[in-house]
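Got a structure here, written out as structure tokens. Questions coming.
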Amino acid sequence: MPRSSEPDGIGYWAGVSPAIVLCIWELAGRLGWTNPILLPNPTQIVAALAALVASGGILTPLVHTVGLFVVGFTLAAVIGTGIGIAMATSRRLYGLLEPLVEMLRPIPKPALVPVLFLFLGIGKATMIALVVLAGMFPVLISTYQGVRGLDPVLLETARTFQISRSRMIASIILPASLPMILAGMRVALGLGLVLVILAEMLAAQEGIGFRILDLERSFQIRDMFAWIVVLVLLGAAMMKVFDVAERNLVPWRGRS
Amino acid sequence: MSAVDRLNVSDRERSEPRSSREWLGGRASGVLLIVALLSLWELSSRLGWVVSAYWPPVSQILAAAFAQLMGGEILLSLAATMRRAAIGYAAASAAGIVLGIVLARSRLLRCGLLPLIEIVRPMPTPAIIPPLILFLGVDDALKIFIVALASFFPIFTTTYAGVAAVDDTLIQTARTFRTSWARTLYAVVLPAVVPAIAAGLRTATGLCIVVAVLSEMIAGSSGIGYYLIETQYAMRPDLMYAAVLYLALTGYALNRVFLAIEMRAIPWMGKS
Amino acid sequence: MSERLGFDHVTKVFEGQRGEADFVAFDDVTLQAGPSEFLAVVGPSGCGKSTLLRMAAGLVSPTAGKVLLGDQPVQEPPPGVIYLFQQYAKSLFAWRNVIDNVMFPLESAPRARRGELRRQCQDYLRQVGLAGFEEKYPWQLSGGMQQRVAIARALAANPRVLLLDEPFSAVDALTRMELQSLLLQLWERRRFTAILVTHDVEEAIFLADRVAVLSARPTALKEIIDVDLPRPRDQLATREHPRFLSLRHHITASLLGPNEKTNEHAALV
Amino acid sequence: MSERLGFDHVTKVFEGQRGEADFVAFDDVTLQAGPSEFLAVVGPSGCGKSTLLRMAAGLVSPTAGKVLLGDQPVQEPPPGVIYLFQQYAKSLFAWRNVIDNVMFPLESAPRARRGELRRQCQDYLRQVGLAGFEEKYPWQLSGGMQQRVAIARALAANPRVLLLDEPFSAVDALTRMELQSLLLQLWERRRFTAILVTHDVEEAIFLADRVAVLSARPTALKEIIDVDLPRPRDQLATREHPRFLSLRHHITASLLGPNEKTNEHAALV
Amino acid sequence: QAADLEKIRVSIIPIGDVAPLFAAIQNGYFRELGLEIDTTPSAGGAAGIPGLVGGSFDIAYGNVVSALLAAQQGLDVKVIAAGTNVTDPKLDATGIFVKSDGGIKSGKDLEGKSIGVNTRNNVIWLYARAWVKATGGDPERVTFKEVPFPQMEDALRQQRVDAAFMVPPFSAVAEQKGGLSKVGSPYSDIQPGVDVGQYITTGKVLAAKPEAVRKFVTGLRKGVEWYNANLTNEALLTLISGYTKADVALLKLVPVPTAPLRTDVSQVRKTMDMMIDSKLLPAPLDLDKIIDSQAL
């Protein structure tokens, strides 16, 4: 899988094409080919970003967004993994939960917003629920598939050493399916970020999503772009953190 | 058989039951659970445990769903959404597959395009809708573009990874038979990546509908996403829930159809 | 530390799925490995050799008849019966380093004894020639070394019976010879009961006290041959022993079936 | 239809990556397989046997020296030099059925000849014992059958030189014997030049006219041994031939190196 | 024949406010003038002005605050026709609602508490602030929470907000169910006659197709006249129900206000002053540049 941390044989060249695009963009702006109100020049966006950082105004929304994401993503990961393992290791739980999961999974999560508003109010709980709902299904499905796809040889090896059921799950099933669980989490990471922004647009009084929408409504396009840059950096940083975590958690990935 | 034992039975023993009775057999408890939850919903609304204009009884939703179907209106909305989803999906597939293959095979293009793709990748869809409205307007162009953008990444990523993972033995085999570059590409590399591409395409089918609905909710004037908002403003939650139901059914059916096609068209999936 | 393991009129039928006919993997097989005996089982592919071992390990139960460990019927994996798989890559725990893999069977022991057990495991690793590799991960080792780790882990479980399912067929021919010699050394020192399943007639003769030959389906016990070769055995000398050659001839012919003449090419093609 | 294939003072150096030292896979190896000869190459793991064949197939080029096919230096995959991989599962095209896999090398032929070529391929399948399996997909066949498909495909390419890289090491011992006999039959009928790389000393002796022994790194040619066993060869009779045993002893000893005594366990463990 | 008609794309909000436009379409006023009106609904109006600026629309129905904000950022927006104003307090169905048993009566009581508004920095928010101030409270000490209109009633009943700025038909339905009371009508309390919504275009469109814009304004005025003459007519409710999907029975609960023919610059100026007061605008704008003469 191409990932930002692996340069795919690109190395120092990675910066070239973005630089060219930025130059063309800047030039187009300076030559008046673009409407500066709708599409500010890169330098203007950078200036707006710098002002944002200098004023410290970047902090509160960033903390809000990151906090929301971390809480939501963690919950999604834990719940998804837990239910996935439960369904994969118990026929009874599988029968109980599978129809419900199959019913809820294909619903586009934004469509559930009114229900969430009704039961959880307009605020933190709804936002977290949105992120969790979006993130838990990919984790759940890929955990389930990961556990079911485990090689019988592995499980039988463990069984012949007479281990308890809980130890079987904790020290064999969980680590062995970790690569698949993490693959699910990688999908959840992307979806979670999308939903965090959406949730903030819908139900927050703070956060990057809220800021972007607010700035758009008052037509402060330059600042809006600055926030989008912040968002891209944030997204890239999260993926990077995930990559590093994954490499440390499953150093054997793709080698056995 | 204990729960963990289940894990140890061979593939043959665990293969899915066939007849519908068998299907229900394993899932009877799950179906009961759903029925119980829906009954709870019905009661909570009828008996006033939850008081809200936006919490209609399930029976009313089902009635609305039936009326919608008879009226045909819901099908039009669904069709509008699906049309956008399909066009965006098709564009994303073409771009994702071509770029995935080309970038995996050409270092020059990889240097040029991969960094740009990596920059766009972490951009959450809702965040870019506002600026995009300013460029693409609110019409189909916007929604199709967003759908295409969101669907592009899973397709591109799996294709790219798939090509990179094509076993060297295969390509070497073709080489010893003195197969031309072009023929190696379409007769060896392409079929070898088809399973990976299919996996990406399947992920994207779910995604393209979600994103189409989302974009219609934010900047819509037709389609199911807009319908969801419109019915809320018209205080018709029964219609809204019914629409969600249709949406879920469509998503589910699409996934099933995709799996069925996959099984027929790519019999070698997961087999090499 | 060893035990008798016996199959007493064992029949195993796999139920056919989706209207397929039931599949009789074994019909009334009686066979026994005495304490400290090294028994080899050879047979054509798919005849049910692995199923036999899986029943001995308590991983599947026979449809009829009994598997006996000493006097006890085997129902679930009994303590001290260890299974060594052909697929070392899959049977090792990729997320544990070498020493932790070997420690696995001992981890239910009280904390206080951990240090002592760890030293013991280091000793097993030394015995299989892997001293110094404690901190490596399985994927950092060659195939032969991985299978050595699996052997050390089996030793750590203190086996009374060791079940070996084509343990060396996935390594190259030279490594295979090394591992065979290693196994014999360990067996001679520890004297567990060993049941080895293999396709390789020479391997069976080289290692075992007796060789059981299974027929193709419907699987039955065709014959049991005593291997009256002297021990300790040697990769070159033993294999050149005239008795080795005659045993080899006999068993290969037996495997190829009564109707096929051994000096005909066609029979093998 | 055969050709001489020679290695003329071939040296192959892999450039070290990320500051690693360069890696000399071969140093000045000269070796030749005459027309219609069956040459076997044995050597320890990682000594560069596969690299040797890949150079012969024109898949990699030597750092110094020349690979000659007849009088022509090999630069890219030459027509009629076919490589048979150990990993049959990976070298077959999973998306093509058996007959279409075999047809692969012939598909550049004009359309008009297709029917005729298809019949020819069916004949190859019959020769490897797979008549009636034309429409199956590779994954529906056992490992041995898959390797037969790969052999049939190699035959379809009408090889002058067939390069075999441990072609039978992934199948079980009995199937291995069957495939060896099949290969000999085909070779005797078609008389292509064959170069076989293997770990298995007995396989090398059983099949080849001459056996080349490579040393471990730095890899050089240790010796070349003539196999003066009568043909046609037989799985039982040939392997019991006294000359077979002495060759086996000699080559095994040579492989294990000059310092190791052959009657010592320790040498093998 | 349809090919001769010039197509004008108009972004609307599917609420009662744009009934005159639909009346004009239905009665064929535009067709007579050679125009074909292509309406694009956008829930909450989120896409209106951005879409206009982005070139998707020729004309957008939008609120006055958004128009002024856009103008302040340098976008070339032009008000071309009046849309909605609030003249008769009796017909003003919008208002600040609270729970009847909550004891909240004024802006003073709301200090330290929260009011639900559909979006911040818009017209609703602006007038809610003004109302708080006018009834003795400090707007800075009141939290304004964004709550979509459809969820407003539930949010209030579940006490997730302490007061809510509600608009029809939600306000009418909520009121009818009981338990809630209206403590103020910011529009008519603060600024009777306020121009809430306008039809807006851009200078670019105005320059490119001045004739079409003129015809649009003419047609729309005829629609306003018909609308004002038929306020109590069942046909009007059917018309509104047609594009909002709301039941006629529901619409009957809502009082139908008259629609303005012309934009009142002084009203816009008052709103602008309030925006400056609430720091939405740094300085006054030149309204003559923003309000096109045809609107007057």
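We just call them A, B, C, D and E in the order they show up, numbering each chain from 1.
In this section, a residue touches a chain if its C-beta (ideal position, glycine included) is under 8 Å from a C-beta of that chain, and two chains touch if they have at least 3 such contacts.
The structure presented is a predicted model; accordingly, all values stated were derived computationally and were not measured.
K.L.:
Touching chain A and chain E alike: which chains?
P.N.:
Both chain A and chain E are touched by B, going by the contact rule given at the top.
K.L.:
Name, by label, each chain that touches both members of the pair chain B and chain E.
P.N.:
A
K.L.:
Looking only at C-beta pairs that count as contacts, which pair of chains has more of them, A-C or A-B?
P.N.:
When A-B is set beside A-C, the one with more contacts is A-B.
K.L.:
Find the chain most remote from chain C, comparing centres computed as mean CA coordinates.
P.N.:
Centre of mass proxy via C-alpha means gives E as farthest from chain C.
K.L.:
Work out the mean Cα position per chain and let me know which chain is farthest from chain D.
P.N.:
E
K.L.:
Cα centroid separation between chain B and chain D, in whole Å?
P.N.:
Each chain reduced to its C-alpha mean, chain B and chain D end up 47 Å apart.
K.L.:
Using mean C-alpha positions as chain centres, tell me how far chain C is from chain E in Å, no decimals.
P.N.:
Taking the mean C-alpha position of each chain, the two centres sit 83 Å apart.
K.L.:
Quick one: report the Å distance separating chain C from chain D, using the average Cα coordinate of each chain.
P.N.:
Spacing between the chain centres: roughly 31 Å.
K.L.:
I need the residues of chain C touching at least two other chains; which ones are they?
P.N.:
Answer for chain C, listing residues that touch two or more other chains: 59.
K.L.:
So which stretches of chain B touch two or more other chains?
P.N.:
8, 52, 54, 130, 134-135, 217, 232
K.L.:
Going through chain A residue by residue, note those that touch at least 2 other chains and give them in order.
P.N.:
38, 114, 118, 156, 159, 216, 221
K.L.:
Spell out the part of chain A that touches chain C in their complex, as residue ranges.
P.N.:
Those residues of chain A that touch chain C are 151, 153-154, 156-157, 159-163, 167, 171-172, 175-176, 178, 250-252, 255-256.
K.L.:
Looking at the complex, which residues from chain D come into contact with chain B?
P.N.:
Contacts found on chain D: 54, 57, 59, 77, 79, 81-83, 85, 87, 89-95, 104-105, 107-108, 137-139, 157.
K.L.:
Spell out the residues on chain B that touch chain A in their complex, using ranges where they run on.
P.N.:
2-4, 6-10, 14, 26-31, 33-34, 37, 50, 52, 54-55, 107, 110-116, 118-119, 121-128, 130-131, 134-135, 153, 157, 160-161, 164, 203, 206, 209-210, 213-214, 217, 225, 228, 232, 237, 240, 243-244, 247-252, 255
K.L.:
Quick check: in the complex, which residue numbers of chain E touch chain A?
P.N.:
46, 49-50, 53-54, 66, 69-70, 72-75, 119-122, 143, 145-148, 150-151, 154-155, 158, 160, 280
K.L.:
Quick check on the complex: what are the chain A residues that touch chain E?
P.N.:
Against chain E, chain A makes touches at 37-38, 114, 117-118, 121-123, 202-203, 205, 214, 216-221.
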